[in-house]
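In what comes next, subunit A is part of two complexes: it sits with subunit B in the first one and with subunit C in the second one.
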Partner chain A sequence: MKVAPDGTSVVTEGITWSISPYDEYAIELALEHKDTAADTVVSVISVGGPRTKDALRQALAMGCDDATLVTGDGADALGPLGIANALKSAVDDLKPDLVLCGKQASDDDQGFVGPALAEALGWPHVAVVTKFAPSASGTEIWKEVEGGHEVWKASGPAVLTVQKSAKDPRYPSLPGIMKAKKKEIPERPVAGVDDPVRIEIVKLEPPPGRGGGKIFKDGDTKAHAAELAKLLRDEAKVL
Partner chain B sequence: MIPPTQGFGVAVLALVAVLGFGAFAYRAWKLYRYLRLGWNEDRTQQLGKRLKDELVIYLLQRKLLKRPYYVRGLAHAFIFWGFIVITLGTTDLLLSGLVGLRMPGAESALFVWAVDIFAALVLAAIILALARRLFFKPPRMHIALDGYIILGLIATLMVSLLIFENAGLAAGYLAIHQATPPLAQLVPLAWGGAAGTVFAAAWWVHVVTVLGFAAYLPQSKHLHIVTTLPNVFFRSQRPRGALRFVDKIEEQETFGAATLRDLSWKQHLDGYTCTECGRCSDNCPALATGKPLDPQKIVLDLRDLLLKEGDLLLKDGAATGTPPAHQLASKPEELWACTTCAACVEQCPVTIEHIDKIVDMRRYLVMQEAAAPPEAQRAMTNIERAGNPWGEAASTRGDWAQGLGVPTLAEKPDAEYLYFVGCAASFDRRNQRVAQALAKILQAAGTSFAILATEETCNGDPARRMGNEYLWQLQAQQNIDTFGRYTVRKIIASCPHCFNTIANEYPQLGGRYEVVHALQLVQDLIADRRITLGAGPVESVAYHDPCYLGRHNGIYEDPRAVLDAIDGVRRMEIEPHHRERGFCCGAGGGRMWMEEKVGQRVNHRRVEQILAAGDAKGERPAKVASGCPFCLIMLDEGVGAKGIQEELKPVDVLELVAARLQSEGVMRSNSSSA
Partner chain C sequence: MKIWVIAEKKDGELRRVSRELAAKAATLGDLEILEVTGERVSGAAAASALAERAKVGAPDLILAGATPSGRDVAARLAAKLKRAYLSECTDVAIEGGNIAATRAMYAGKVRARVRAALPAVASVRPNAFPLADGAAEPQITALPAAQTPGLTFVRFEPTASGGGRVPLSEARVIVSGGRGLKGPEAWTAVEALADVLGAALGASRAVTDAGWRPNEEQVGQTGKTVTPDLYIALGISGAIQHLAGMTSSKVIVAVNKDPDADIFKVADYGVVGDVFEFLPAFTEAVKQMKAGA
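== the complex of A and B ==
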């Protein structure tokens, strides 16, 4: 990663763009449900510029049924609330039973869009989800907590933001890739979407370089231990 | 001799012949129809090479006479040569018995002697083979009743032949012009008045056994007597290191061997031809370390599935039958255990193509079912996204060369050679030192070269061997396009996997270059005195043959010649696992990125073999040198796991060369002071 000369963005040249890992886990969770209930329809929606279509094709190749891209001038520049509002209009039309998002993006790590979408829809939201299953009274949702999990229940539609789970997102089959290549990806205009909060990056700085470390070579283990304790206390000041 | 088939006998013989050959033909036709269920792969190109194979591999039995099977191989060769001669004799017997005709030359001394002597030699070989089965059973050998039946039939044939010759002589049945069989008359002709009866009885036993043999043959593993001839003829003439190309992959509907119809007819012929000798299994590193893979079993499972489901598939053109990949007893784990080291292919006396079958079934699992082990999927995703299987940042690919004065092709587009560094030497810290060593050597030799740095991407070999032909084609095409932009003609690779796929597989996509492995080039540089090596410490160095340098590409001598040219290095061989019997490090076939949880780790076994190596004076190797980054990583891990870093140091041959390099500067100052 390199900070661009403007000091507020990173150099994107040479980067291979891909679906954010938590979003991949969300797709995997949805597809696992489809594996057990074949009549499930998994739709995938994203907001962004033309490049975003590649990510949607990847999701189609993994096994999603259809994809929608909310796009147009300014789609890449939307803030998290704007993205949530853009998604809301698509979700309103699709009327799904459940919306799954990654718990955060892997670039800005804000973790904002999922909860904001729930708010915009007026739906409940459960975070750090690793599993869900339909139950008699709606949906059972596993939420990761320190050292275990809680089981939540949703009686109607809900937004789940998904955590990394035990099963890696699936690798697409070649027939899946070929089918995805041929699928139409309808576009919705981003124009007119309300984007009330703008975030401005003031400055980006690379983290300081790491020191070289020290290797004790001479002397025996006992001397090394004494030296290590001394350095941890006097130099690193952690003891 | 005059056949005892006057009158009524001819009719009996004709009936037996019709029954024997009829049974053979019926079964053979059925097997042929099963075989044609396979897709129609063209195996008729390069006729000259095919005829040469028939001479060397079939007639001269070249692949039977291999380390460590010389004695057994020779015994087989005598049975085989004997069979050819005796089949001619049998044809003569049947002709004369049925229609009273003799084959041309059948009465000549040469022919009579040959039949007689080979009958005795075959009998001796059969006794050896029986004794081996009964008393010195090799552990790999799968002993079944079938083997005894066949040995019994052959022994009956030979004994009856010698008896009827002997009794025929005593009875004076020798035709007027016929030469006397030399061995048959060694035993006294003591049949007296019964000689004629004994002759007739032995003659009938012989002829009926021949026809029984013909009927039994296609039911048994000894079908190889018939199928080896075509199996050798139609063997793959691709370079051994090249997997089969899938043309127009984006237009295919199914990928890999989903059904028996997706294996080619030749792969089914392989199954018919397997003699169950077990040499492939004997040499398989996966089997040797307790993995579920047994290459012989793969071949036989496919054959058995074909015999079981052949009728069903013939009857119903739409039927798919059991997917072969799921037919194997322990399922896909067998397929994933293969390192594609080609020890099986190297050893198979009848040129069966094990790797192609395994990769075809992997192609089905990966491309059709998307069912690769998770670590393999991760490696493939990494290749797609970062251009290397470890998922290291693509932008750092050229970082190993920083400050070394190594130009990129963008900076030096007229460089004679492209050094294709490969992922391991670009990103793995240990192997970066090998790339740096090669750069130093090339600079000292004044070789004009450049690298691609961030413009290079994974050559695709791991993906292809894991079964992801599509990803290989994407990666290969990307590199070929880049090479094209710079009109690259000559390529150096320090990684045998890069070397193999660029040299042997890129031509499938139209990328043709002059490719050398670094050690081949360095050997030339030494021979041409382009580099001079100075004195170094005396050290014993074992050479470990990388599979994709040795078995796949036949490069055994160059790396050894380089080692021999290094002052102080005493080269050692890892007996008996060296050269064509070299034992894999465990990383080939994409196994580098997969976990190895079952049995002993292959690289740990290899380290044990190296530790057991040594010369007659009891000297042991202090270093083990290789020419492959994966081997280096695996040997390092093995040595580390055993905690013997002080006793055995894995290195690349290039590092040994670079360490003794007398730099150009030194040479120049030497010459100016002279």
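== the complex of A and C ==
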């Protein structure tokens, strides 16, 4: 990851665009549910420019049933609430029982869109989810918290922001890839979406450098351990 | 300038991150600390209670700790109020009518300075601001939360291990283990060190994926980002995804038998050697030091 000369963006040359890891976990959780309940329809939605279609095709190849792209001029420049509102328009039409999304993107790491989508829909949301299971009276949802999991129950539709699935996201199968190539990806216009909030990047820089530390290489590990304890107390002052 | 801090409590005590934020916020403007009260309040319910209050109180800036629950509430609240939200900030300032913040992007590989118009909402990482010893216990306004329609709490399932320790996200000292520890049985010794240091336990992804330790202990990209004063990496090679989650630690100690391990590139102190020889010796040395102090 390199900061571009303008100081406000990153160098995108030579970068392979991919689905963000948390979004992949969300797809995996949905597909695992489909594995056990075959009548499940998994639809995948994204907001962005033409390049976003590759990500949707990847999701189809993993096993999602259909894909929708919300796109048009300015789709790549939408702020987080704009993205949530654009997603809402597609969710309104698809009428799913649950919406799963990654707990945060892998570029801005904000974690804003999921809860904002729930707010736009007027639905409850549960964040940092690792598992869900339908029950007689709704959906049980496992939320990772300090020291364990809280189990919540949604009686109706809800937005889940996914932390991590128990299994690694599946790879697309060869037949999956072939099938995904042939699928139509309908587009919805992004025009007219309310986008009330801007966050301006003033400057990007590499994180502060580290290194040049005191490394004990040879000799008696036990003696180094004792020496290190002293250094941490007297020099680094952290003990 | 009106600043709100959303307080979090643990075992009846105001959490350290909330006190850090209160101390910082008091330097930025008029501070009010609010705690949403109730049993197992969902993020949406807490956000609703705060949003109602914000209509009257009109805060310019709302700060929450970047803990799992703080982030949850802050994001929903910002969406409710249609305000800018900046998550996991490591510094926050007010410049004219804007919030100017520093935050990590690209899983910690880039540091960003960002700006948004006030009013705004931000979550701030633990350990971002100093806390003076003996600072007065701040006044807290309680805000009872209503239930979230369509969402009810069912039960709590505790993780089998790691109970009773400091939460990883705001621990001052973290002892973290990697594949070099060879198996879950090594954690008896790791926990012995953590006990002496009053530390939280962390792990590399290899360790949690192998099921040696619970997922919630994973540090790094797809795990937790931590900012302790002292991070001790035992048998961790230092994959970039792991480094992304811990390079903001103040002091990093690495122990690994491979002198070329990437973890040494970010370490302030390192020992190239057998971690199984190091662990008991280091634990004993710290124990004696603490007893003598």
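We adopt the following convention: the second predicted complex is superposed on the first by the 223 of 239 C-alpha atoms of A that agree within 3 Å, B and C clash if a C-alpha of one lies under 4 Å from a C-alpha of the other, contacts with A are read in each partner's own complex, and residues count from 1 in each chain.
We take it that a residue touches a chain if its C-beta (ideal position, glycine included) is under 8 Å from a C-beta of that chain, and two chains touch if they have at least 3 such contacts.
These figures come from a predicted structure and were not determined experimentally.
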| item | value |
| --- | --- |
| Superposed partners subunit B and subunit C on subunit A - clash or fit | fit |
| Greater subunit A contact set [subunit C / subunit B] | C |
| First (subunit B), second (subunit C), both or neither touched by A:51 | neither |
| Arrangement angle, subunit B at one end, subunit C at the other, subunit A at the vertex (C-alpha, nearest 10°) | 110 |
| Shortest CA-CA distance in Å separating subunit B from subunit C in the superposed model | 7 |
| Subunit A - residues contacting subunit B, complex | 14, 16, 18, 168, 170-178 |
| Subunit C partner contacts - residues on subunit A that touch it in the complex | 1, 3, 10, 21-22, 25, 80-81, 84, 104, 106-112, 114-116, 118-120, 123-128, 130, 140, 142, 144-158, 164, 196-208, 210-211, 213-218, 221-222, 224-226, 228-233, 236, 238-239 |
| Complex contact set, residues of subunit B against subunit A | 249-250, 253, 255, 366-370, 372, 374, 377-378, 380-381, 384-387, 394-395, 454, 470 |
| Residues of subunit C that touch subunit A when the two form their complex | 40, 42-44, 47, 67-69, 71-72, 75-76, 78-80, 82-88, 100, 103-117, 148-159, 162-163, 167-169, 173, 197, 215-216, 221-222, 229-230, 247-248, 250-253, 259, 264-274, 277-278, 281-282, 285-286, 289-290 |
